[in-house]
Amino acid sequence: MKPMAERDFANPLPINTADRGGRQQPMLLVQSLKKHFPVKSGLLQRQKGAVRAVDNISFSVLKGETLGIVGESGCGKSTLARLLMHLITADACTLVFDGDPVSEIRGITLRDLRKNMQMVFQDSYSSLNPRLPIRNTIAYGPVVHGMAKSDAERLANDLLNRVGLRSEIYGARYPHELSGGQKQRVNIARALALTPRVLILDEAVSALDKSVEAQVLNLLNELKRDFNLTYLFISHDLNVVQYISDRVLVMYLGQVVEIGPVEEIYGNPRHPYTRALLQSRLSMNPAERVTEPPIGGDPPNPINPPSGCRFRTRCIFAEGVCEASQPTLDAVTGDRHPAACHMTDPMSGHTKAAA
Amino acid sequence: MWYYAARRILMSIPIALGVSVICYTLVLLSPGDPIQALLPPDATPEEVAFLKRAYGFDKPIPVQYFYWLMRAISGDLGISLQTNRPVFTEVMGALSNTIVISVGAVLLAFSLAFALGTIAAYNAGRPADKIATGIAVVGVSIPNYWLGIVLVIIFAVNLGLLPASGMGTKGSTNFDIFDWEQARYAILPILTMSFVPLGIIMRTTRSAIAEILNQDFVQMLRAKGLGPLAVLRHATRNALPQVLTVMGLQLGYLVGGSILVETIFAWPGTGFLMSKAILTRDVPMLQGAILLLAVTFVTINLLVDLLQTAVDPRIKRA
Amino acid sequence: MSVASLSDLSAAPPTEKLPPVRGYWASVGNRLRYDYLTIFFLSVIAIIVVLAILAPLIAPFDPTKSHMAYRLKPPGFRNFMLGTDELGRDMLSRLLWGGRTSLLMGIFPVLLATLVGGSLGVAAGFMGGRTNTFIMRTMDVVFAFPSVLLAVAISGTLGGGAKNGMLALTLVFIPSICRVAESATTQVRGLDFVEAARASGGSTLSIVRTHILGNVLGPVFIFASSLISVSILLGSGLSFLGLGVEPPTPDWGLMLSTLRAGIYTQPLLCALPGAAIFITSLSFNLVSDGLRQAMDVKA
């Protein structure tokens, strides 16, 4: 199931020795991250409400792990990625990068954060400048950060070779001369150009053919090992997430509903939404044929999310308590596999709550 | 839809205000002192000061603008220096003449352009398409002030078929387009004016119909065995709203930009009026004509927009 | 899920021959090479421009010198290859010299408007928000004038002359160019590669220079090229109305206007300057169309 080495700490690598906080310090601590997009309408464009794209999310990313983030489309996965990169400003957030708070007086600056954390975009068509040879696209970041142009181009060539594109053939090419998989390799090379420690992969392989997807996934695994990277792997593809992740975070309507080690999430899901999501995967075994959809309907409107538990409108176990109060993720503290469901909290009053 | 209409109407108010600011500023920037123009050259300083106060020229400019705007809204655009008649009546009288030839030109252009555009789209890439596209390019490239002269040379000078200029004996007061004796005078101006909209409407038609012909539902019609005419009937009906919109906008451009054609044919419309006002430096007349024409243009655009929303159910604007 | 078996595919990229690397502008040039219509009209423009530039050298007569004895003579009369105008001036010389002013009136306002309108549009598009609203609403107001009316209004109130004429034309073109630049910028700004550039720490100026301009220049350039024809028509139209170039300076529009007097005696003479305007504007229009097609490369 997992050809890559299980978090190979024994193998010391020359890259990124800037480990400040020590091994136990999480790479990334995200606390109460929130982003509401205002919805305006009417003659005077008054604010009528807000899309709660990301609503009070907290989690941490450990050093060297791959944290998979799954959820239906529109649940706020991509907004989360862009918020972490500070491409859009959060309404509220505390971000601690390897022990250093970001954008505070004593912490690290946004510029430093971006050097340490990079992102690979989903759409390989629009994520590369069509008027720029790919070598220049990769070299852009280092040049902006003060590297000499010739050095940056040499680095770009090295990275192109590293991601499997021979620089002397491909370096001068334009994006439209590359295939989708090749473009995604360039995307990865660009993200690596600033020698980051964290890579956010936002649906990085979703648009690729299955065979190309597998190649890129293998490349990602190699790079992670060689450059000592930490991944945030965002995808709606449950199989891919299972393959690549160490831990998995499940999102629903802008909130985290469950987080835990990959074997736990896939083997013993605790939240009914996770369960439904996993059941929606098609099985190769004809005996396990699915005849009814595990979840009905569309996700509710994020402008006016349901009260209490946001999943209750589609949940078969919904009870009065689910409408009355919102389940929290850390109801049971110290759990390595918490789920935001009243059924997991013995004190909640849900009839099915595990005693 | 009503909601959108209300919003669209409200939105054109600041635009109209902006237009009035531009008209006002232009006159402010124009060389020459308006007071000097009104007084004999030997006027005493007291007389100048008196007149300045009487006209409100001693007030700050924004206040002057406000007074001017209030008067303009009530229909008072001043008195023409040339004819000593109110600018408003002069321009409104001329506007109807301009609208006669503009509407004529745009209708002529539309009927020709829609046919040509349909033929071109149906025969995309073939000689018929190239000829029609060529006509369109010529239409937008030809200087219509020259075209007018050429038409006069051919039809008035050489053939003697049509009058070269003017509006006929009855003049503009009771012009009747359905009376051949008078309509003759409008033919050359209309023909001259129709070339630019012909080119533009034809291009729009061609691209609109070509796009529709490429759509799945047209393939479906063909698969069902419909002949070319029946297929085209579907395509033209779908393209019509878009083409009519462009036609409406072109009408606005013709009404606003009639000056060149009217000057050539001495057609007593707003353009001719402006042309005379420029030659005689009749600033109130020029300003009034510009303001009224710009407001007409804004109104036509507004109407076109509203009609389009009413006609085309696919456009649902928030 | 056995992915390992596929990993050998990822190792070596294909080494077969790939098409040559070609930048965007190079591929546009390559497409144009086979567009004979565009090339033909491009050479027509080149000839007109060269004739206009060389006018002082090749014009047989002084374009402002009257030969009062030979007024309104037909082409071929004595040494006057294209005849004489209503003041007995040599038509050919005046046409050659007139090309200078007409071309200048056609090209200069478009260049200036591209510079001003383009920068405004990129600024509006990139900054968005209030800046965008302010700039674009202002442009809407100017847009509320039909172009002919605005040009006439500006040069009519400010007074004629080539300078005011060009200023008027520039002001007429700024809003439309601004709109094109704004919409192109807004479109590009939302693309991921701009986000990626920001994520790499690029400053606003550096992002605009490296990532926005290259993608906005194309559409703006195409649009501006289509305006040259309009500018020539409008500029000559202003002169025709007595608002542009002042006599005795030769200009095609002005010549057309003064020659109207001879429309009954020498209609051909009157047609000549108009034909010059027509051919020039037609050529610019067709070349612009050719460019549009050549540049519509899905890159």
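A, B and C are the chain letters, set down in written order, and residue numbers restart from 1 in every chain.
The rule is short, and it goes like this: a contact is a pair of C-beta atoms (placed from the backbone, for glycine too) under 8 Å apart; a residue touches a chain by one contact, two chains touch by 3 or more.
Quick caveat, the model's predicted, so the values are computed rather than measured.
Centroid analysis (C-alpha atoms only) places B farthest from subunit A. In this view the innermost chain, defined by its CA centroid being closest to the centroid of all protein CA atoms, is C. Spacing of subunit A relative to subunit C, judged by their CA centroids, is 49 angstrom. Rounded to whole angstrom units, the spacing between the C-alpha centres of subunit B and subunit C is 24. In this assembly, the C-alpha centroid of subunit A lies 57 Å from the C-alpha centroid of subunit B. None of the residues of subunit B touches two or more other chains. Subunit A has no residue in contact with two or more other chains. Those residues of subunit A that touch subunit C in the shared complex are 1, 3, 82, 85, 87, 111, 114-115, 118-119, 121-123, 126-133, 137, 140-141, 144-145, 164-166, 169-170, 172-177, 182, 187, 190, 193-194, 211, 214-219, 239, 243. Interface residues of subunit B, counted against subunit C in their complex, comprise 14-16, 18-19, 21-23, 26-27, 29-31, 137-138, 140-143, 145-147, 149-150, 152-153, 157-158, 252-253, 255-257, 259-260, 263-264, 274-275, 277-279, 283, 286-287, 290, 293-294, 297-298, 301. On subunit C, the positions that touch subunit A within their shared complex are 1, 3-4, 6-7, 9-13, 15, 18-19, 21-24, 191-193, 195-203, 206, 210-211, 214-215, 298-299. Every residue of subunit C that touches subunit B in the complex is listed here, in rising order: 137-138, 140-142, 144-149, 152-154, 156-159, 229, 233, 236-237, 240-243, 253, 256, 260, 263-264, 267, 270-271, 273-275, 277-278, 281-282, 285-286, 289.
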